[in-house]
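Take this structure, written in structure tokens, and hold onto it; I'll ask about it next.
A, B, C, D and E label the chains in the order they appear, each numbered from 1.
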Amino acid sequence: MNLGQQLINGLVLGHAFALVAIGWTVLLGVARLVNFGHGQMYMLGAFVCWWAIAGLGLPYLVAIPVAMAAGILVGLVLQRVMLKATIEQNLVSIMIMTLGFGYVLHGGAALVFGSTGQILDTPLAQREIVFGDLWLSWQDVAIILVCIVEFALLKLVLDRTRVGRLVRMVAEDPKLAELAGVNIRNVYLGVFAFEGAAVALAGAMVGPRTPILTSMGFEEVIMTFVVVVLGGIGSVLGSYLAGIALGLFTALFGALVSPAYTTAAAFAVLIAVLVLRPGGLAAR
Amino acid sequence: MTAAKVPVLRVEGLGVSYGALTALDDVSWSVAAGELLGIIGPNGAGKSSCYDAVTAMAPHRGSVFLDGADVTAVPAHRLPERGLKRAFQQNAFFHELTVLDNMLAVMHEAAGTGLLASTLAPLRAARRRRAATADAVATLERFGVGAEYHHRMPTAIPYGTQRMLSVALAHGSSARALLLDEPGAGLGGADMERLVRLLRSLKDHGLALVVIEHHMDLIMAVADRIVVLDQGRCIASGTPREVQKDPAVLEAYLGRAA
Amino acid sequence: MNTTARVLALLVLGVAAFFAPGLAGGSSAVYSAAVLIAIFAVMSYGLDLVVSDLGEVSLAHTVFFAVGCYTTALLSTRVGAGGWTTLAASIAMALLFAAVLGLVTLRLREFVFSLVTYAIAVVAATVAQNWEFLGGSDGIRGIPVLELALPGFSLKAGNDRELWPIAFGLLVVTLYLVDRFRSSRLGSAAVMTHLNPRLAIVSGIDPQQVRLRVFLASAPITASAGWLYAYQRAYVSADVLDAYFLILMLTAVVLVGRRLLLGPVLATLLVLGQEKFLSLGGYADKIILGSVLIATLALFPKGLIGFVEPLRRLLRSGRGAASG
Amino acid sequence: MSPAAPVLEATGLRVAYGGNTALDLEALSLRPGEVLGVVGANGAGKSTLVNAIAGWSRGAPRVSGAVRLDGRDVSTLPPHQRARAGLLLVPEGKLVFGQMSVDENLTMPARIEASPGRHIYDREEVFGLFPRLRERRGHLGSQLSGGERQMLGIGRALMLGPRVLMLDEPSIGLAPRLVSAVLSTMRTLASSGLAILLVEQNVRAAIEVVDRLVLLERGRVVVEGPAAEMRDDPRIAEAYLGGGAD
Amino acid sequence: QPVKVGTIFPLSGGAGPQGQHLVQSIEAMAALINESGGVMGRKIEIVARDDESTPAVGVSRANELISAGVSVIIEGWNSPVTLAMQPVISRAGVLDITAISKADPILSGEGNPLAVRLNSSNSQDGAVIAAYIANRAKAKRVAFMTQNDAYGNGAQASIEGELKKLGHAYEKVAEEKFPFTQADFRVAITNVRAANPEVTVFINASEGLGMPAMIRQARQARLGGQVVAAVGTIAPSVIAVAGEAANGVVGADIYFPDVEPFASNPVNQRYIAKMQQMHKTTPDKFMALGAAALQVWAQAANELKTLDREAIAKRIRGGSFKDTILGEMNFAPNGQLATRHYIFTIKDRQMAVEK
């Protein structure tokens, strides 16, 4: 058993989880919205990126913004659809609506991109770093870096800036925020746009690690759900840590016991953690 | 004048702390049947915290006696069945239910039937509920919530009526001791008079009342005795006349203006 | 509306529903659809109590469904138990599981509650998938035909047409129980805990106890659906814990409206009806179902009932303003 | 009273919830430096009035009519823009962001630049008015006592540099001492040119500070006039002064 | 009026493309049969359904087809789905031919006493792979990466069973299980690699996702030793996704369009031509099996002049058929088609079959 390599696997996986989750963290924190269409948005991001490269022949670095643009678009549509339910805070309806949103994205993507597996090939994905027994691809390195930068920026913005305070006010009481001169509509738009862009970015960054299928997304939704709740609703630092923890757990449990039971084990641990501290890791 | 009566509700050395902050410290008082005890004091003095302590809704020191029995250890949800009821400073309703259904809900002991019973004897359950509905309507009327509001949502009725509804919900089908937190807040004119009448009639029915109020006219008019809190401690107590003259009270609470 | 009228209306509706498959051509497709609708509706009512009344979104109800399926499969294949025995056992097991789950999730709310309950379902699926005693990944084959001994005669259900009366009966019993639950003390306690825990407490209600009891009331309902499903399919494997059933349940609960007696059964009817009779193939169906869900809930956040509410108001406008 | 042009004018304001009309008034105007008191029994439409002017409501009312701020029609503007324009409401009920500290509650995200006749308070000035808040500045809004929340609500409005400040029953839950303190604060604020619309039940206290008084009944103005003359108007007396005191 | 033939395969999801190809192939075969007189003079009409690789869905699709009045249902990509559908179909008295699903319990008779299956069963496959490991690779250190379901576990079990039968002394240095939907195998592969096996057996039925992912990631991780893919898990569609990484992988299968005896078989040639003409594709094993299933059923029906389930099933089980696209087809009494396996190695993205 090669512990060093498993640690690398775990870290990369963890950052991938966190990267996929960041958009939902904000969404959950501000609009208290569970987005079960998240995984399909991830899928879409990956496929748009693939299409931009394979179809339009754009370089990877250009394809990413294209994917993010598409993500933003989807985010805005989602916001239009969800606004009412969001303000009414109707948890089940929201779950089902976003679920339905995922269906539509899945069906649509399958009809547009076809249902065969594709490889989202990037220059980074092929180049590898090997030292002795250990290896990882530059894509993995990129994932880690982008993830760290994105989380750092987000934390900075939310804690230190005007925008951050604005977002937190809307998160707590939209109606009251209006009286404080806050344009809640814009805030919601911004939050959904961020969710869309962030998850599309994740799709474009993490997608290359495996073949991509229009039917993927369910695993992503669940893992993201775990990350955001385990991290503590809306807590940025929390979901970063939760992501890493989940990644390392997956790798180490897989290494020491068996990957077959990793998910179950992870969820068992999750149950234990949340039953003991319902606030999640970030709870004071 | 009330010394003769045995207290229905008696608290001793109550204390509440939120982390470092001591919101309430070593406060004692008692209230007898048919008596109304007023609690006044500056904002943040610890009045509401005092209620939280009495009703076991906040971690606290000291002890609480109901009809002479020590109920300090009794959990919050077991106190109502012993007749100790309370209202909150902010209006609290079951928002998706109509005013009438709100009333029925808090009268569940009387209105409802056990799952088994209602399964085996649906008709009796229905009869029981019809009877309860009549009670609920009567109670609402008695607490000044007119029939025209019974089928509206609580937040869609005038604020004053909402206050009355809160009191009605707190009292439920019956009570021995009732704790009200600023029932007069935001009331005026007719509503204020209605409240005064209500409080008096509750007293006459032998209820032990505790009322937190900032509304001097109201409290002076209805209270038999008054306890004054400041920074979590009891700085004065006595009849309305007495406390009104108490210099400490004037200084800390009423201010020269009053 | 007054109770006798309501009872009569329901009675008529019931009779009509019972003969509906026959009137709708009576093909085996119609009957199998009818049976599945009944089964999945019953399955959903269990969840309905928790979601609509208690206000928590449990994602663990597939576990209760599976408990019903597996208990039935094991007892009928390994010890040749009969229909009533397996039903009783399914309910008993469900109560056991509900007690455990209830206690574990007692202090959890909202998202955390949902996630933890989902986690429980995942763990359960893994166990079912890998535990030989439960047939492992092969599942349990050869479940006998359902035979119910009733005073005087006995119902044998070799196919969906013969299964229909039983499924319908189960649905009727479920509806009655749900209705009784709602008018019981526990029912109103659940709603109070849901709408305003603090006020509920000072009204003499112990939220945690209520949550536990509602769980105990809801689990057997979902499990009894599993009981019938096992017979209907004659094969049980870990797939009964698939998200497929979970999503079906949730949809059934919200699509038509909350705390409506007939909500879930109507919703199940709509969803399965579309899937079975107006299916345009996997992807198109996904788009359709998705769009329907979004459109419905976007236009009527309270469910399709939001569409009839105005009408109801017109009818009720006689006495007092309608609740809105 | 300054002869200056009215800073706030509302004409033909009509508000209905579902079927029943909650407010219906011809005209109402307010000059800089003037304190206008709005009184009336519960359900008279006081909150509905100020909410309508602020273009805000927690319910879903149908509003019609014109609202002018400094002669500019703002009736089409959404609430947040009216607030930025200096038309500020301190609503009744929940006033604070419970998950934010007192400090955070006070420092507003919306940036407003001061202009003649428009003073933007800073935190120190607010703490000057309400010392209690300075003691609690680190606490979360949800940990404040009822009265402390009132102070915080008013403080926040002041920091948005109001041209017109509307307070919906600010004395609710305030200790008598604070009531007089807050009300006299209104005077001070007004003297700096601020126009104040004060919704009050506590007429006895209010009448001491307001220049003019409006009595609402079932959404309509029944009496209006200088406070001095209104003191012994029977309808006013009946509308409140009897309440509780006997 | 036409004879209705139902098909149930995953038309969406991880195995969706393969399922769609299968249906195309069956349609091509139907066309061929219809051109040569159809079934008892009636034309064949294909009614296709999507089981989404989900048992519950498969079951309700089966119910639909039954009431659509189909005379036979050709189904089965995922064993769990087949196992779930069998009792429903057989109780309805409809003939059920399993095309692909490999799990052994499918022929146990519990679900369907008249079961018929064309694809080689796990136990048959086991022998082939075992023989390769023992006699060709002479590997002592063997690792398994196994899809954790009725198919995968069965496949591994039978390989190990056969190895024991052969008395081949080997050490199972690693065993990693995963669900059908998994796509990231890095952790598992790292384990396998650290155990440095001489042979690693990949048992993964997700042609669209899992198998190609596994192959690519194994290459990236420089997994040592020989990679052997379970029988019939490598189709051209897999290689298309896996790309260069697939080179060197060893596998085995029972049909190749361009390999003897199939290449020179006129029936097969006609079928291939039809596929080219109708769908512009060369059939792979899966497609051929689907077509063969229909062909066998049609032959039996025409021969017996009946569509009766019992009769046809009896004819097929233990019977043999000439002039099919697979040449002569022989079925064991339990309904399993007898097949011959061909070992192949992937060389520059092509399956190079060993004579």
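Keep this in mind: a residue touches a chain if its C-beta (ideal position, glycine included) is under 8 Å from a C-beta of that chain, and two chains touch if they have at least 3 such contacts.
Bear in mind the structure is a predicted one, so any value in this text is a computation, not a measurement.
In terms of the distance between Cα centroids, subunit A is separated most widely from B. Compared with subunit D, the chain whose C-alpha mean position is the greatest distance off is E. For this pair, subunit A with subunit C, the centres built from the Cα atoms lie 32 Å apart. For this pair, subunit A with subunit B, the centres built from the Cα atoms lie 49 Å apart. We define each chain's centre as the mean of its Cα atoms; on that basis subunit D and subunit E are separated by 77 Å.
Computed centre separation for the pair subunit C/subunit E is 37 angstrom, with centres defined by C-alpha atoms. Multi-chain contact residues of subunit E (touching two or more other chains) are listed as 12-13, 16, 148. Each of the following residues of subunit A touches two or more other chains: 110, 115, 218, 260, 263.
Across the assembly, subunit C contributes residues 130, 282-283, 321, 324 that each touch 2 or more other chains. Against subunit A, in their complex, subunit E makes its touches with residues 12-14, 16-17, 20, 148, 175-179, 181, 183-188, 190-191, 193-195, 208-209, 212-213, 216-217, 220-222, 237, 241, 243.
Within the complex, the subunit B residues that touch subunit D are 18, 40-45, 48, 89-90, 155-161, 182, 184-193, 195-196, 214-218, 221, 253-255, 257-258. By the touch criterion given at the top, residues 3, 176-177, 180-181, 183-189, 191-192, 195-196, 198-207, 217, 319-324 of subunit C touch subunit B in their complex.
Residues 27-30, 32-33, 36, 129-130, 136-139, 141-143, 158-160, 233-235, 237, 239-240, 242, 244-245, 272, 275-276, 279, 281-283 of subunit C are the ones that touch subunit E when the two sit in their complex.
The touching residues of subunit E, counted against subunit C in their complex, run 11-13, 16, 50, 52, 54-57, 59-60, 63-64, 66-68, 80, 83-84, 86-88, 91-92, 103, 105, 108, 110-111, 148-150, 152-154.
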